[in-house]
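Next come two complexes, and both contain chain A; in the first it sits with chain B, in the second with chain C.
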Partner chain A sequence: MVTVAAAPWVLPVLVVFVMIALGAAAFDAVLANRRPGALLIPGDEMARLLRQRRRTTVSADSPLWRIGGGGLIVAALLMVVVIPVGGVALTDLSVGVVWFNTMDVAVWALVWLTGWGANSAHSLVGGYRFLAQALAYELPLMFALTAPAVGAASLRLADVVAAQQGLWFVVWMPVAFVVYLIGVVGFSVWGPLNPAAGRDIAGGILAELSGVDRLLVLAGRYALLSAGAAFAVPMFLGGSAGLPWLAGLLPGWVWFTVKWLLLLACLVATRRRIPTIRPDRFVEAGWLVLLPVTLVQLLVVSTVVVLRS
Partner chain B sequence: MTIGIAFWVLAVVSVAAGIAVFVVNSMARATYALAVSFIAVGLALLLVNLEYIGIVTVLMMIMEMAIMAVYMVMFMGMNPALMPMSMVHSQKRAVVIGAGTFLVLAAGALFVPWPARRGVPAADLTASLGEALMGSKMLVMMTISPVMFATIVAGIVLAAPRTRYDRFGDDLTRRQPLDPQSGGVGR
Partner chain C sequence: MGVTAMGMRSWLAERAVRRVHVLVVEVPGRWATRVAVQRAVTQRGWVEATSAADADALVVCGTPGRRLAEAIDRVWDQLPGPRARAEVELTDNEQAGVAVQAAVDGAVEGAADGALDRVAAALMDDLAQRADAAGRSSWSAGMADAGEMAGDTAGDDGMDHGGMDDMDMGDMDMGDMDMGDMDMGDMSPGGIALAGGAEDRDGLEMDVLHVPLGPVLPHWPAGLVLRCTVAGDVVTEAEAEVLPAAAPHLAQGRVPADAWWCDQAAAVLALAGWNDAAAQAQQARDLLLAGEATAATATAARLRVRVARSRILRWQLRDLGSDARPDVRERLLDLLDRAAGQLGNNPPAAAVTDLPDLVPGLELAAVRLLVASLALDTTAAEPVTSHG
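Up next is the complex of A and B:
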């Protein structure tokens, strides 16, 4: 079972999460520049954007634009609150898996609004691209999230973690795990799935963003990537459990953090390792490849669950 | 006390956002005002411990409105809805129908004697909902699903300008479909 952390813990936990997201940005800067000094680039960029004067466009829909841009980081923070770390979570929601799914669907609205609000053609194309791509990754992602829930016979994350004692879900649900990670990269507008912010459309949803608005969107992408990586740990990687023969060596929260950071590093690295996939190509692959293989994975999981009971 | 405050906040937000749908002058704002209204209703369901239904309502409504915004901008109005435009039409009839419906429902809520509760809620509401859908209500689901699926397929067939004859030739003998854009899986 999970203990619910006292209210004063909320702020420190969220601050640590934001620091890790900042670390992800620093890691990406090091990968891009191939020198250790690049670690400081995100800090410099943050200071620059905070001081930059906000630029606006003719008849921009400012409220919707700001809601879209500022909402990404909020959605990521809301994803984090249901994740149990070492037997403690900020909330113990009985439908934690659906909660995470709802937040990643909220990203649909937020990214489209970021594209729409600027009243600029390139931004708008970016927003539309994201929705087309989202339709292709979301259904496989939903079924990938369903697999651990079926395996644990519960939507509560504490039960999902408890069901993985002995065998982590990643071992017998590898397809769901991979599809889940594709979904995370997708809703973070990241790496191979970032055509919504592609260079071919002058930055797409980022095209007209400046100053603190731009900072919030860029930080929101890293936050979503970090939240997605963190959520994979209780869903597929056994939560705070250690490797079977080393479990006693380290406390649970250290195991959690090690798994989280390794996964996050892999996700960040996709940006420099895999080229951007054109949205029209990804859409067909999503519907004709990802969705069927995820459904087959779900069938396997359901069969195992039925046979076992 | 807290639940009472939460209920009133959510109720006011849902009604105010619902009114905003007709007051604003942009398709995007109207769509997302409607989304906010539905989100408030979904969150209000959490107050009666319907966690799964409440959160799924929020999920479905955001998804639906995100897609609907695209269609609204595409199809609505004289212009492609990128310009400011009025969100109302057939105003008098709509006001009469709306007010009438409200009065009927409100009168029903106030004057019908509510029955006393006979059962008790299940321990795990999500599980019992699943059992109802997959058990006693299965026939309904089995009927609705094919009808909805057939509707979607029929809608796409009617709306798509290109048919299989355009893609595979008059005798349907072409092996590679002739598409304006090739897809991602090498067909």
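Up next is the complex of A and C:
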């Protein structure tokens, strides 16, 4: 079972989470530049954006624009609160899986508002590209999230972790795991699923953002990617459990962090290696490939569960 | 307290200037200068900006003609600030004084580096930046621009606002609109007229917008303006024009063919969102310019294999482009063949004047990829006499 952490722990945990997201940005900078000193680039970028002035555009829908941009990081933080680390979580919702799903659906609105608010053609095209892409990844993602929940017969993350003792879900739900990661890359507007912020439309949803507004959106993307990687650990990678033959060596929270960071590093590294996938092509793949294979995966999981009981 | 704030500000400025985002504007005929600036930007650990909002500095390569200069000024108004602006151009003396090509190259590189030094100094100068900010009365919305825009969208020369600076104006279509049943005075929020409708590729009625692409747009042919009428993100009509340099035929810096092909391939790859491959193409280009032909050819050949093998790229680019043959992927491979010193199979026969026939029916991403893959030489399209 999970102990709920005392209230004073909320801030430190969220600070650690933000540091990890910053680390993801640093890793991306190292991959892009391959030179010493690249680790400091996110710091330089932050200084630059904090110094830069905010701007606005003609007839911008400012409140909605700011809500969209600032909301991404909030959604990511809310995703994190239900994740148990070493038997402790900030909150122990009985519907933790659905909670995560709710947040990732909220990202639809937030990204679209970021594109809409600027009242600019390229920005708006970016926002609509995201919606088209979301239509392709969201249903497969939902069914991928359902697979571990069915396997554990619970929507509570602590139960999902407990059900993986002996065999991690990633082993017998590999398709759901991969589809889940595609969904994470999708809702983080991360490459290759980043046409909404593509260079071909001058940065799309980012085209008109400057200063602290831009910083919040960029940070929000890293935060979402980090939260998605963290959530995969209890869902598919056995939570804080160690590798079977090494389990006693390290405390649970260390195992959790190792899995989290490895997965996050893989997600960060995909961006530079794969070309952007345009929404019109991705929609085909989402509905004709991802959705059917995820449903088959779910059928297999359900059959196993029925036969076992 | 005041001292701390000052210290904080200068610390921020110092950090910020290590990562300047530069919007590089190439004037037609100044390819070599633009490449020199790009290399200087990379060497400093700076990056190229994707849009005016993303930029700290505007570096103009060459001397633009009057209309191009006006467009660049509008983009300059859109930089959030702190901001700096520099022009890289050799003086007539420098032009005339050097007969040896290598000396021209050296002078161009020196000028590029000097321009970036000036940019860094200007960005660090907090007092001057404050004065600049205080003097920008039309800043925060550029409302003055909006009024002007609403006045002249009706059909006359909307082009001189070209570039990304236009997009936020929501430059709407009044030409196609039924003016009879609309009271324009009441229905123009922020001085912007409401859009008319037209059908997109799925037969849905979408707002019609006029979105000019260029002349200030990364990975875009120098000086080109493509005035697109779009429904949704699909281009229904387009007009193409090149805004010339002030002095069209002043030779400056050499343009070695293989490096030029490499650069065009890099643009296609960057637009396709394949950062690693785009960086590799730029690396091959820079090796060629540095005279290391063997290493460059090897890099270009490796890149060609990589591009040819990528299934995802094939899936993204296949059948893309007008009439689809040769499609963008085939054109890209052809560019890489040329970069590696081989003769391509598909000569990029298109000219700027062909664009209006090629782009209708394509969505914006496809237009960008197609235009980049055509490897247009906009100096060829320049009229002999300057407009400026």
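Here is the rule we go by: the second predicted complex is superposed on the first by the 309 of 309 C-alpha atoms of A that agree within 3 Å, B and C clash if a C-alpha of one lies under 4 Å from a C-alpha of the other, contacts with A are read in each partner's own complex, and residues count from 1 in each chain.
Note that in this section contacts are C-beta pairs under 8 Å (C-beta built on N, C-alpha and C of every residue); 3 or more make two chains touch, one makes a residue touch a chain.
What you are looking at is a predicted structure, and each value in this text was computed from that prediction instead of being measured.
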Subject >> When chain B and chain C are modelled together on chain A, clash or fit >> reply: fit
Original post:
Of the partners chain B and chain C, which touch A:116 in the superposed model: first, second, both, neither?
Top reply: first
Original post:
Is A:70 in contact with chain B, with chain C, with both, or with neither (first, second, both, neither)?
Top reply: neither
Subject >> First (chain B), second (chain C), both or neither touched by A:95 >> reply: first
Subject >> Residue contacts on chain A - larger count, chain B or chain C >> reply: C
**OP:** Look at A:87 in the shared chain and tell me whether it touches chain B only, chain C only, both, or neither; answer first, second, both or neither.
**Re:** neither
Original post:
After superposition on the shared chain, which partner residues are touched by A:252: those of chain B (first), chain C (second), both, or neither?
Top reply: neither
Original post:
Can A:195 be said to touch chain B (first), chain C (second), both, or neither?
Top reply: second
Subject >> Touching partner for A:44 - first (chain B), second (chain C), both, neither >> reply: second
Original post:
Between chain B (first) and chain C (second), which does A:155 come into contact with in this model arrangement: first, second, both, or neither?
Top reply: first
Original post:
Once both structures are aligned on chain A, how many angstrom separate the closest C-alpha atoms of chain B and chain C?
Top reply: 6
Subject >> Intersection of the chain A residues that touch chain B with those that touch chain C >> reply: 128, 277-278, 280-281
Original post:
Once bound in the complex, which stretches of chain B touch chain A?
Top reply: 26, 28-29, 32, 35, 51-52, 55-56, 58-59, 62-63, 65-67, 69-70, 124, 126, 181-185, 187
**OP:** Report the residues of chain A in contact with chain B in the complex, numbered from low to high.
**Re:** 61, 63-64, 93-95, 98-99, 101-102, 105-106, 108-109, 112-113, 116, 128, 131, 134-135, 138, 155, 277-278, 280-285, 288-289
Original post:
Which positions of chain C touch chain A when the two form their complex?
Top reply: 9, 11-13, 15-16, 18-21, 45, 50-51, 53-54, 56, 78, 80-82, 133, 139-143, 145-146, 164, 167-170, 189-192, 209, 211, 217-219, 230, 232-233, 269-277, 310, 312-313, 315-316, 363-365, 368-369
**OP:** Over in the complex, which chain A residues touch chain C? Could you list them?
**Re:** 32-33, 35, 37, 40-41, 43-45, 47-48, 50-60, 118-123, 125, 128-129, 191-192, 194-195, 198-203, 206-211, 214, 271-278, 280-281
